[in-house]
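Next come two complexes, and both contain subunit A; in the first it sits with subunit B, in the second with subunit C.
Our next item is the complex of A and B:
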């Protein structure tokens, strides 16, 4: 079948097809937006687009964290727990009258600590990334629940909430941060030695190791960045709702993985890119948005999401087969 | 062709895996600019020996001297620092399939340039320079690759093996370890790669250890043959002064192999 396929379609056409498949998320997103501009009232309004972007911002940052791990060939289940943990730590310190900068630094450091722990469990203890981050996924949320005894902390200082609720030139800060983070981390992944090593380790860890790449350093760094970004998202979330609870972002890790996969980031590592993952985030968020605007029962949203992931995975395997011929 | 100073010298090297004694008291010398063929049957210890030299395994006992200094190679990076590079039998395992030819050639040794010319940091990948260098390198080795930007999966087995070889040569090795480099190749590709090995041994002035099952190709390429059997060196000879039958009898351990070994000392 592959043989006939390669004969029927010429090289030029196959290369074009590859380019289309590489960017398939954005194409689907555009088609989705155009259709809904007609069928969904209020979809293509500035206010609604702003809404979609705000809803996408926290998930978007967690997806950077998850994609970094996936690209290096590792799963990180602990992102959502780290998010809640960071939020709770920050709120608790502020409640105890510590200054805002110290609270912010502590939030970010708590994320770095969880990431470092993940990295150590994977590289130094030798656990599988799934198992290691399953431990922190359960344990870190457990600690978050424990330190505030399950309570919600309200009323955080305005300056602390600026990141999640403030605006700059009438644009919500979270949207600006989302865009900046995507630009920066995409640059980090594609233009630096570190980023290239993340990709190469994901593609073939044995090759990277045999050629002298320091796996420990790169992979632990990836987990640390992942933890940092998750805690950062926790700060943003608590700013947005002006409170912090250990139940923040329950189940978000699955949305994050779904977005990354829809965007074409391979679970096997080494394949995919952040702009595509952002496309996945926006597509997922817009679908939720449209279902809300049409007042579809929220009980059906999961089913629709599952079908999307299935479609994305099928497209991905088709793409892989094609790359062998066109590249 | 070769000079008489020893580049690699192994003394009483042994290695066991649990009950299995993979290498027993190995004493071996590789001279500068010499191509040594390492032959033996399955389980003779060829790959173990190569892995020890490459730093992928540590010996249980014995000493290794490289360039006259006693060394302890316990990871691949240390081997690279010394100038010891390996090309493995299954090249698929040693390339990142979804990345470009250029990325694979420079794997672990990427060229960078400063992001802002006036500042030493941060540094970014110099992709243009790497692509150009990779293309030039492949051309100088007469390896037929049309674009260094295409992913490795889109090339054939022989081309991939050549890419892996180019990636190693780029680092200017002193000692090159080739672990059955032609095992997965077709006849034409095999011929091309053997010529390449022979040529680089002369042109680049490096020592090569070639591990192979295939006596034809060993006789074709090497200066000296070392025969391993059950983890021991049972003999060595020069291709010009020994016949294939003699080497085969040493490999399988047929009677009368010992005199041949002595004759060729």
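Our next item is the complex of A and C:
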């Protein structure tokens, strides 16, 4: 009897340990917030939490795009270029006096087109996703640069900027969009056939094919969604700063991958979840926020940022070992 | 037999005519002016400033009948090194670059020196290797002018007292332009112990301008002014203030946060004209090419003697870059162009490069 009881307790402890380890990024975030509540003035205020969420929203949407690709076992390097391209397309059409709805639809279609091209290059031409999206990473920003010749387009219509700079019930629209997108795409990945196929392909494409999954359709769809979300983030970014330039989001792909990886999304595919990736986004954004609040020396800011990310990744790696032990 | 002799005579005549033709072409080419081929290595062409520097260079080359190959490093210092290697392989007569990273580009500058191709830079210097001449704005002076303007604004706000909190949004830490713009500004304001400067790097990105403004206003809601290193930060600053405070107070309105910086591009001037920003220190970006291209030609034709000497002041009536001071620095000879402050009253001047219609 005693033996059975200890087994039950052991099982519960293991389950608890697994739950804790699976949510480790949120635990790290909580520890980070508690420490900074004491050491960083104004960190744990409503206004600053709002700031962190505003600053996280654009990266957060790009991370959904990147995570979808990573979960299906593919990289998408073109996310930041698609963002800049979408922003420039929208601003250029508005500058030429086209109505706001047409500009918005064009922005989103530009992202869908880039995503579709990525999908075709990977599935129909047979290129490795890294190579295919490297081509569009270079080319798409190049087109953005070419069509405006380096010009900054600014002073966009208020209705166009509403997504990036507007508020609904005192809450910035971009925060609401971020939350809605994470809920929707988490549901898409966990509760639909499409989502299960994404995980299955990322885990083992041969097994997925053997089970009758249409690889072409799923993977091209993943790239199309990624392009759509990136362009959407471009619309939001241009609304946020009331301007658009082809230099938008340079280097953001690294932040997006870092956030997804800190959140536990595997580079090998098939492992990870969007709530964890969101944890990675918030952790990375909070690190940047703390460095700004402390006004760290501009010469040391990058080093400190890198050390903080290293610490988060080391904790994550420690978690993985414990998961194996617990399992 | 006779036929063969006749054929031989005909071929000899043909050879003579062909030789004569070659000689004539040779003489004509010798008489014609040599057409130069220059290489221009841009660090990126995605912003208004870099586009205009490049456009000014190409315009002047066209005017003087010089061919130019323009490369774009897309903000990647390693790509810029590769671009310059390609220009060396192409056998250009001279290379002019705006370094993305003053240290990384030095590898390419040294390769250029070995190949015997004269290397010039605009706007930024290099860490190692021989640069014949650099044309740039007097960035320390620009920072100093911005510091003096900020000081006047603070004294105006606090009844003559020099006090307040200022946010400085820098460029890329370590890059000489960013360092010099910071140096001049700090030189002026650090003399006043009651002025507190918060310096954060924006890495020349509009979106970073937004994030830094938002975060700093949260930590320091009493912020008095913002000094930026480039106009590209302004849209982010304005939206950052709106996001943090809920509204934006223009110049002269209660609660206005002083905003001024360096560049004077179309967007920057427009913000001054619309009273979003208090002023801007204008550097004559569009005129760098007009100044450096004739100097490159003079160097190629007459050697180092044709270059201006340290201590000289270059003057040309009606040019925004004039007067320019020639100085010798650790990096070599540099021509530092004039910079000047523009506020609401002077921002409408049609002679400012930021007000000229774009081709």
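The working rule: the second predicted complex is superposed on the first by the 282 of 327 C-alpha atoms of A that agree within 3 Å, B and C clash if a C-alpha of one lies under 4 Å from a C-alpha of the other, contacts with A are read in each partner's own complex, and residues count from 1 in each chain.
The rule is short, and it goes like this: contacts are C-beta pairs under 8 Å (C-beta built on N, C-alpha and C of every residue); 3 or more make two chains touch, one makes a residue touch a chain.
This is a predicted model, so every value here is computed, not measured.
Novice: Look at A:206 in the shared chain and tell me whether it touches subunit B only, subunit C only, both, or neither; answer first, second, both or neither.
Specialist: The answer is first: A:206 touches subunit B but not subunit C.
Novice: Touch test for A:271: subunit B only (first), subunit C only (second), both, or neither?
Specialist: first
Novice: Does subunit C touch more residues of subunit A than subunit B does, or is it the other way round?
Specialist: Touching more of subunit A: C.
Novice: According to the stated criteria, A:192 is in contact with first (subunit B), second (subunit C), both, or neither; which is it?
Specialist: First partner only.
Novice: Of the partners subunit B and subunit C, which touch A:287 in the superposed model: first, second, both, neither?
Specialist: So A:287 meets neither subunit B nor subunit C here.
Novice: Output check: A:240 vs subunit B and subunit C. Expected answer is one of first, second, both, neither. What do you get?
Specialist: A:240: touches subunit C, not subunit B.
Novice: Have a look at where A:248 lands relative to subunit B and subunit C in the superposition and call it first, second, both or neither.
Specialist: Second partner only, subunit C.
Novice: Which residues would you name on subunit A as touching subunit B in one complex and subunit C in the other?
Specialist: After superposing on chain A, no subunit A residue contacts both subunit B and subunit C.
Novice: Mind pulling up the subunit A residues that touch subunit C in the complex?
Specialist: 41-42, 45, 47-48, 51, 54-55, 58, 138, 141, 145, 149-152, 154-155, 165, 172, 237, 240-243, 245-250, 288-289, 292-293, 295, 297-299, 301-302
Novice: With touch defined as at the start, can you tell me which subunit B residues reach subunit A in the complex?
Specialist: Listed in rising order, the residues are 56, 76-77, 80, 86, 88, 93-99, 103-104, 107-110, 112, 122-125, 150-151, 153-154, 167.
Novice: If we count contacts the way the header does, which residues on subunit C are in touch with subunit A in the complex?
Specialist: Touching subunit A: residues 44-48, 50-51, 72, 74-75, 170, 173-174, 198-201, 204-207, 209-212, 214-216, 218-219, 232, 235-236, 238-239, 242-244, 265-267, 270, 358 of subunit C.
Novice: Looking at the complex, which residues from subunit A come into contact with subunit B?
Specialist: Per the stated touch rule, the residues are 191-193, 196-197, 199-200, 203-204, 206-214, 270-271, 323-327.
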